[in-house]
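Two complexes are shown next, each including chain A; its partner changes from chain B in the first to chain C in the second.
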Partner chain A sequence: MLYLLLGTPWARHQLEASMTLHMLVQMPLLVIVGITACRLLPDCWRQRLLDGLGGAIPCVVVAMFVSSYWMLPRALDAALTEPLAEISKFITLPLLVGFLLALSWRRLTLIGRGFVWTNFFSMLAVLGWLYIVAPVRICNSYLVNDQQHAGWYMVILATLLFLWWLGTLLVGDGGGPRKPSIDTDRTPE
Partner chain B sequence: MSPVSRSIIMTGLVTLLGTWGFWLGTDGFTAFTAETARRVEILKSPRPLPPVQLVDQDGHSFSLRDYEGKLLAVDFIYTRCTTLCQSMGMIFKQIRDLIPEESLGRDFMLLSISFDPDHDDSAGLKRYGKAYDADGRVWRIARVPDKAQLESLLDAFGIVVIPDELGEYEHNAALHLIGRDGRLRLISDIDKAVPFAEQVTALL
Partner chain C sequence: MASYTYTPTPDYGAKAGVLAYLVVSAVVLLLMMVFGLIMRLEHSQYTEIGGLWFYKLMTLHGAGMVGIVALAGAAIMWHFLRQYVELSTGIFIANLILFLTGVVMILASVLLGDFHAAWTFLHPLPSTSMGLWSEWAAAAFMGGLLVIGVGFVLLHLDIARAIITRYGGLGRGLGWPQLFGPDDGNAPPPAVVASTMVTIVNLVGLVVGASILIMMLINLYVPSFEVDPLLAKGMIYFFGHVFINAVIYMAVIAVYEILPRYTQRPWKANKVFLASWTASTFMVMFIFPHHLLMDYAYPKWFLIVGHIIGYLNTFPILIVTGYGAMMIVYRSGIRWDMCSRLLFVSLAGWAIGAMPAFIDGTITVNYVMHNTLWVPGHFHTYLLLGMVAMVFGFMYYLVKPSEHATDSAIDVAAFWGFVVGTMGFTLSFLYSGKMSVARRYAGHLPEWIPYDRIASFFAALLIASVLVFIFRFLAGLGLAGRDYQRASLARSLAT
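Up next, the complex of A and B:
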């Protein structure tokens, strides 16, 4: 449902109008679509699929490559100007980031999860910082102001998420914000 | 195959694939923004331009085709601009003054194109030209009256213009060089006027 909604020209127009919305609303929502899709699959399918793919590590590696790629300013611009790039964004973010992360999440140890989270925080913060201090416009399709706003939101978000994760690490099992719904359906391995 | 070796093989495979994807997607780790990508691509394969009709500050109508056989420096402006285009004018003037005088008008010319034909009429262009000593011959300030032609021209150059909150525009400003064959062959930063002029001089 959400996926179809995001794909409508109206939603795309709204969410791609500013860099902040594009990077911090549309893209995360696409990832969440993938996560949700994975949760809807029966457990045995997920196990088989994960084994077929070679376990959790390849999945995490793919997710990291793909998510970093969509953080490149060039990829953002391309998604706006080239229909092919836009289509691949709508396919790869849910499938190769959200779906694969959710698929491998339960196999990851506390350290594995911590690695994924901290990697994500640091990329978000560093990129946000770059956007703030960049003397030039990084995306041809967005205003400089917008770029700086997006940068600040990214740094703030990275900090808040980090604190949240740190909190769960101190009193929980380090699953981070996604912990509750994932751990309730843990199966024996 | 044991799960462990399978996992190792798959990890190696996706790492290779991912690196390869990044290599392709960034032109060999050189172009991380669309602007650099545009420049790298032009250098590799000079791009043909559409034969648009322009009108200069004196009301003369001409075509980009008229410049074939000469080197042409092009920049994009709008005359209401209070920031970047002001310095663009200074930079173009600087480039003109760096080129050997005997080549000016014979082998090398300059052209500033306004992407705002609604506001920039011939009088406005003339004012802009006067401010930077553009003579209308060696250096013309021009507009593209036909909106569709302007679109195709901006597209061919890879210029993206977006209106900002103050009623002005933001655009990727750069120095463009069109070769004697009428193809766009070089794009450089606007603060690289001296190297740009040196590159032009080397081609004269």
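Up next, the complex of A and C:
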């Protein structure tokens, strides 16, 4: 439903009217569509699919490259002016970012997830800074002040997401201590 | 009400990875100390290396020392923490490899590329060399720091994973259920609490550090993407101050774990202990503005917060740890050997070293003292007699031949040489600061030279003592990996 709604001319017009809405609302929603779609699949299908795709790491790498591409101003312009690019955005963001990330997430250890998160926070903040200080208008379709607003929102979003992530680490899953897998009088291997 | 009794814990030898960390640390630490001595000799006009080499050595000394004490601290933390949680050896080794890669990049940048903008690499200096170094040299230096930072991020993510898996969250790793609820005596051991704190603050610091490094690297090649110098300074000092603060919180785990083995008294992770670590977890991230107090362009509230938090954060862990150590030792009949001596004196060094920072954190003092040798006096005391003493104490512990082994006269002489050398060396810095001797100057005025010469003498004494420590450690490496009782039991306990 959300996917279809996002694809309507009215929603596209509204969400692509500003760079902020385009980058920080429409695109994340497309990714969420992919995540949701993946979660609707039965566990066994997901396992088979993940094994078929070569495991978690290739999926994460593809997701990172595709999401990086859609952060480029040129890609945003293309999506607004070329129907093929717009269609590819509606396909690749849910399928190659959201779906693949959700598919691989369970297989990633906390180190893998943490690496993805910390890389995402610092890159989002740096990208935001690039948009703020860019000496030129980087998108033909958006004004300079629009790109600066988008940059500030990215910096703020990166900060808030980082604090949220740290909060989840502090609180944990609420399940309390696990049964120790090693004990103190075990000789280290 | 929780009751605390000492539970004897097995005395494990160090794994090969820990020993690799310590050997690298010992060698680099000695090299950096020699660089430091050369700089003081230059101030004393005993040598004439010139401005270029002085600043190159200063850059290497600063970046090298920050990195190497972090590596040594990580070795201590990992060695003890893995006795409570399951850590990944692969990640631990990956951090060492990334560290060494970063070191090679930094060495190439400074020695081959003539980069000498100090470890602080304050913007816009790296990109505005006026022909003294090239773009690639600045990029290699910042890239090297970035690579080292990535290694530490991986290490801390692994520690976070292990603590969350074992305890259910980093909050539980800090003992929050016992801190905010009834103390059932099941709080995590001090080693886990300290590692949790370090992991939280370093992850925050490293993400901020990586961000500013990337921003400056972009600016280096595309100058039209301008970086606000004040923002850059704030981010660099946030990252740098958090990172260098964290090293002593890693190394203090040696005190928590080893001293109780000598006296068979428990180090209590009680509410006061837990509260101090939780308070410092947050405060340590807000004290860096005491390096920015002279930057009047910052908002006043920001500087005032730095001033107040700087005052507050000086004490919690320091008092709890110092008091705890005294309670462990008081009337215990402890047998003093090189390890217990170094660990105990490290707490004094920590306390003494924190005081000049406390004074310098006062805005009115900061205006006249911050750019003098007072500040190097602070961090050299704090690190040398505090953190580095903990590292050497740990090294002596690992290579102690048996619980009944006694120290040779050379070791004892080296211990006193280390203490006297460090105190003389750092007091020369502090006194020079009092006399308004500027810091980061390659050449000194004739009036300043007597202090520099006194400092050089004590620095040489200190290095001679450290040579004995390192020789003893390297000579005893064969013992360091074995599992056996090392701590000499206190007289009241020995049978």
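By our rule, the second predicted complex is superposed on the first by the 172 of 189 C-alpha atoms of A that agree within 3 Å, B and C clash if a C-alpha of one lies under 4 Å from a C-alpha of the other, contacts with A are read in each partner's own complex, and residues count from 1 in each chain.
One rule holds for everything that comes next: contacts are C-beta pairs under 8 Å (C-beta built on N, C-alpha and C of every residue); 3 or more make two chains touch, one makes a residue touch a chain.
Bear in mind that the values here come from a model prediction, so they are computed numbers and not experimental data.
Visitor: Touching A:Leu143, do we find chain B (first), chain C (second), both, or neither?
Guide: A:Leu143: touches chain B, not chain C.
Visitor: Touch test for A:Asp51: chain B only (first), chain C only (second), both, or neither?
Guide: Touch partner of A:Asp51: chain B, not chain C.
Visitor: Is A:Pro135 contacted by the first partner chain B, the second partner chain C, both or neither?
Guide: The answer is second: A:Pro135 touches chain C but not chain B.
Visitor: Contacts for A:Pro73 in the overlay, against chain B (first) and chain C (second): which applies, first, second, both or neither?
Guide: first
Visitor: Does chain B (first) or chain C (second) touch A:Gln14, or do both, or does neither?
Guide: Neither partner.
Visitor: So in the superposed three-chain picture, is A:Phe115 touching just chain B, just chain C, both, or none of them (first/second/both/neither)?
Guide: Second partner only.
Visitor: Which parts of chain A are touched by chain B and by chain C alike?
Guide: Looking at chain A, the two contact sets are disjoint.
Visitor: Within the complex, which stretch of chain B touches chain A?
Guide: So the residues of chain B in touch with chain A come to 3, 6-7, 9-11, 13-15, 17-18, 21-22, 25-26, 31-37, 158, 160, 162, 164-165, 170, 172.
Visitor: Would you pull the chain A residues touching chain C in the complex into a rising list?
Guide: Chain A reaches chain C through residues 109-111, 114-115, 118, 121-123, 125-126, 129-130, 133-136, 162, 166, 169-178, 180-182, 184-185, 187-188.
Visitor: Mind listing the chain A positions that touch chain B in their complex?
Guide: Residue positions touching the partner: 51, 53-55, 57-58, 61-62, 64-66, 68-69, 72-75, 77-78, 81, 137-145.
Visitor: Taking the touch rule as given, give the residues of chain C at its contact with chain A in the complex, in rising order.
Guide: 9-10, 12, 15, 82-86, 88, 91, 153-154, 157-158, 160-161, 164-172, 174, 200, 203-204, 206-207, 210-211, 214-215, 218, 224-227, 483
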